[in-house]
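The data blocks that follow each hold one structure.
Across the two complexes that follow, chain A remains constant while its partner is chain B and subsequently chain C.
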Partner chain A sequence: MIVFAPIIIPLIFIILSLSLGKASGAVQRIVFMAGNVTTIGVAVTILRRVLNEGYLVAQAGAWEAPYGITMVADTFSGIMLTLTSLTVGVVSLYSMAWREDKLNKPVFFALIFGLQMGMNGAFIAGDLFNLYVWFEVMLISSFVLISYGSKKIQLKGTLKYVTMNLVSSFFFVAGIAVLYSAVGTLNMADLAYRVREANGELNLFAPSALILMGFAVKSAIFPFFFWLPDSYHTPPLPVTALFSGTLTKVGVYSMIRFYSLIHLPGDVFYTQLFLFIASTTMISGVLMATSQFEVRRLLSFHIVSQIGYMIMGLGLFTRLALTGAIFYIIGHCIVKTNLFLLSGIGYKITGTFNLKQSGGLMKHKPFIAILFFISALALVGIPPLSGFFGKFMLIKGGVESHEFIHVASALGVSFLTLFSMLKIWNEAYAKDIPEDSQTQDFQFGKAPKQLVISSVILVVVTLSLTFGSKFIIDICDTAANQLLDIDGYIRVILNR
Partner chain B sequence: MLSIVIGVLYAVGIFFLLRRSMVRIILGVLFLGNATNLLIFVTAGLKANGQPSFLAKTAEATKPALSDSLPQALILTAIVISFGVVAYLLTLLRKTHEVTGESDLDRLK
Partner chain C sequence: MNTTLLQLAARAIRIMMLVISVFVLLRGHNQPGGGFIGGLLAGGGIVIYVIAFHTHQLLSKTLRAMAPLRVIGLVLALGSGVLGMVLGKSFLHAQWFNLNIPLLGTLHMGTPLLFDIGVYLAVTGVMVMVILLLMEDRKWN
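This part shows the complex of A and B:
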């Protein structure tokens, strides 16, 4: 029954944090952190059990598999659960020390738990409609979080975000409906079983196109990513950091999960489609990022670009490439969140998010500069940091599958990423404080210790991805193998 | 017949979404939501020999008039979700109007 815990525990803490509205701030915060720690604990437990037992399956209400609602955790879900709960935990720690934007309210805590509940639900849903419902839970929490504080610029961003995501949800449901009429089931294992039974005779083009549209908007892939850079830089920084690390990954996770079921290995159409999407996403994201001078907008465009690498793993659909993609998701989630957290620390110190007006961090705050340096290089994929292993496996998988154009674009995008990271480094860290701000007796602000600590935690995780890479890659390999072993998945859930 | 209605609803919804006025966004979302619900109903629910999914495929449908009840359950869920979302959207638009004093989306740059 532990499979239900990632949903139930955040739910309990939503109720707790809302009912503690009258209690003192300290009590509320302790409950908030306790909730996060519990969720991380549950996620790690699930990951460990999944590594031992292969799959954890639970049927809601004891209805047998194709009829009831199935909750299933495999290694990939275990990894994602651990990863997101860890990110949420660190960002929570950070947000408590942020002291701006009225973040530390019971409502905010409840929304964070709501977001977490939606994401966890999406990771363990074994049923397509159930997945949609968890998407909505996650989206509604994120709608409120992104408009939290109702500043003018924020509301404009929210409007785009909400409209795009709503429309994509409608397409997703329409896709589910058409899929149901074509296959007659929505349980993912049963779906895979029937698709394989039909031996390619089912025409799934319309539903998979509609569902792709739904996932595409949520994971911000080409050509549906325009809402992301328009809205991600507007909310309070902890919220941005949280969204950038986790939300788009849920879309990518669901894409990999769903398309590995109907994507038969050797199916050229899907392979080429996803590779095309991957390359265009990578290139357009990184090119737009190069012209930005607002740190948060620059990093937002990079999210888009790096989603492309994850989709590339899905497109290649070999064991090596999927391992690389999963490893890349892990590394990217941690590093990206950390870059946002560091840009927040930079904001606390220099008082601006604009690169042209900031500077001098290297000289005056060398410790923060080191934190940034490690994260930025990990994002670019300089060996031996975490981004390298993921990209290396992806590119090796690409070469083995003879997809040289896409390999070339992946390599080129890496260079452009390096360029952007160097730009942040030069502008915010290496160069001196701009003259015009020096004249008005400029003073560095102070970043609270807790902000730096949460960033240090993420850097330590990044480094441990390097030192423990053998261990982590083994886990990713198990996950990729399970993703390819559809028969095993069907057998466990349907007992066939 | 119903499929034409769905097509019209989708068209109207998208047309409204593309207009500049804020109120039209809500109308557009409502139309799209209802079009999707009808689509579930038609494609998945109304089949000539539709039978509940919990009966075995080989078993003769016990009563010819028995239809598959799962899509209706899906629609019910979808209606509730879109209701909640529209409620949120209304608040959001009202707040946006309050803060910016604009009802024209193009001027909200």
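This part shows the complex of A and C:
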């Protein structure tokens, strides 16, 4: 029964937030945080139970699989549930102290819970069409969130975001329809079972291409990434931080989940396709990032670049590489969110997101400089910080599979990532405030304590990924092993 | 849009659409129909009336009257799921009851109908809100 909790709890809190419209601000905020804490608690409980029991399966409406809608949580789902609910919790804490863009409204709280409900649903969906529906729940909330505040610049970003995501949903649904006509089922376990029964006779090229198109736009991989940097820098900063940490990961998660089911061992075509996508995504993202001076745009291009590493794990599709990819997803989600939160703190202090006009943060606020330094190095993957373990496992996996070109591009991209992190460091932290900004009686602003605290929480999580790396890698390894053990998945859900 | 023709028609259309929407809602269990379509129909009827007699007061009054529907609808839909969890085997597990009404006979009622009514109310509330808000000039500053 606990499998339904990640969906029911946010829904209850949507209702609560909407019905508390007339209550005082303090009550609304307490309910908001209570919802986040409850969701984190549920996610951690699921992760613990999954680690003990392997799989948690529930059938909605008590209709047996493959006829009803299956909800299933395995270790990978548990990790993603915990990760996203933690990120949403910290960003919620941050958004309450942001004090701009009218974020402390019941509608905003309800939208955050809606987003969380959609993501949680996508993580535990055991049915492809159900997955699509949860994607839509998530997208509808994100459409409103990305236009939240109604600034003119947001209209531009929102149009791109909405159009691209609707087009991708169209491809996704078309792919699902074609898949249904080819296989006759949409239950993921049943799908995997029939694909294995047919033993390569089924031609799933058209549906997987269409579904890949749908996932590709949502997770912003090459060549469909251009909408992301164009729209992610427009909404209020807490929303950007939330989206950058979680939304693309849902696309990557679904991609790994879906292709691990229909992926047959020894299928060179998918391996090479995903590795090609991974390398091109990494390289194009990082090259475009290096030329940016708007810190949110720069970080957005980096999201694209780092999605490439996660896809690389899918392409290699060995136990080690998948472990690396999952670990990388964990590290990246935390660190990327934190970099956005820190850029918001920098904005509060210097009053600008433009790197050329900002500066002096290291002298004025050394503590924030330290927080940024740790996060930036963790993103690049300097040992012993969190990015290193993920990249190391991916590269080792690549070498073991003799994919040297892709290993080389992964290493090269790391250097360019270091370059652009150093650029933010130099421009915003190390150098002084430029002369022409100083003339108009410039003053440093103040960052509310709550903003800094949320960032500190994420840095602590990043550091604990280092200190607890053995424990975390073991969990990731279990998840990767479960992803490769399709027969076990089929057996648990279909009982055959 | 204050034209007499539309105003004359709008009263009749509103009543007709509301009645038909309930009909569509109830027939939805085994035949085409259901809460979503019924909600759209009901919302359409209310919106036509507001368009015909468009004043600022009517608009804000309608918006205020429709606001609770969303929450009530969500509560009913969630409640039907939780009932299935409490009384049955799983979330959304359909529970059926026989309701004896004197003189009229027995009614076969279940939680799927409750779910549909929740969807109906939520869709009506959201549709009316979205369309009426789109009628205002939105400023992107």
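Here is the rule we use: the second predicted complex is superposed on the first by the 496 of 496 C-alpha atoms of A that agree within 3 Å, B and C clash if a C-alpha of one lies under 4 Å from a C-alpha of the other, contacts with A are read in each partner's own complex, and residues count from 1 in each chain.
The rule is simple: a residue touches a chain if its C-beta (ideal position, glycine included) is under 8 Å from a C-beta of that chain, and two chains touch if they have at least 3 such contacts.
Here the structure is a predicted model, which means the values were calculated and not measured.
Look at A:140: by the touch rule set out above, it reaches chain B but stays clear of chain C. Contacts of A:59 after superposition: chain C is touched, whereas chain B is not reached.
In the superposition on chain A, no contact is made by A:384 with either chain B or chain C.
Applying the stated contact rule after C-alpha superposition, one finds that A:150 touches each of chain B and chain C. By the touch criterion defined above, A:223 lies against neither chain B nor chain C after alignment on the C-alpha atoms of chain A.
Set against each other, chain B and chain C touch different numbers of residues in chain A, with B touching more. Contacts of A:129 after superposition on the shared chain: chain B is touched, whereas chain C is not. In the superposed model, A:41 makes contact with neither chain B nor chain C.
In the superposition on chain A, the residues of chain A touched by chain B in one structure and by chain C in the other are 150-152, 155. Listed in rising order, the residues of chain B touching chain A in the complex are 17, 25, 29, 32-33, 35-36, 39-40, 43-44, 47, 53-54, 70-71, 74, 77-78, 81, 84-85, 88-89, 92-93, 95-96, 99-100, 105, 108-109.
Chain A meets chain C in the complex at residues 1, 4, 8, 11-12, 14-15, 18-19, 58-62, 150-152, 154-155. Against chain B, in their complex, chain A makes its touches with residues 66-67, 129, 133, 136, 140, 143-144, 147, 150-152, 155-156, 158-159, 162-163, 166-167, 170, 173-174, 176-178, 180-181, 184-186. Interface of chain C with chain A (complex): residues 70-71, 74-75, 78, 81-82, 84-85, 88-94, 138-141.
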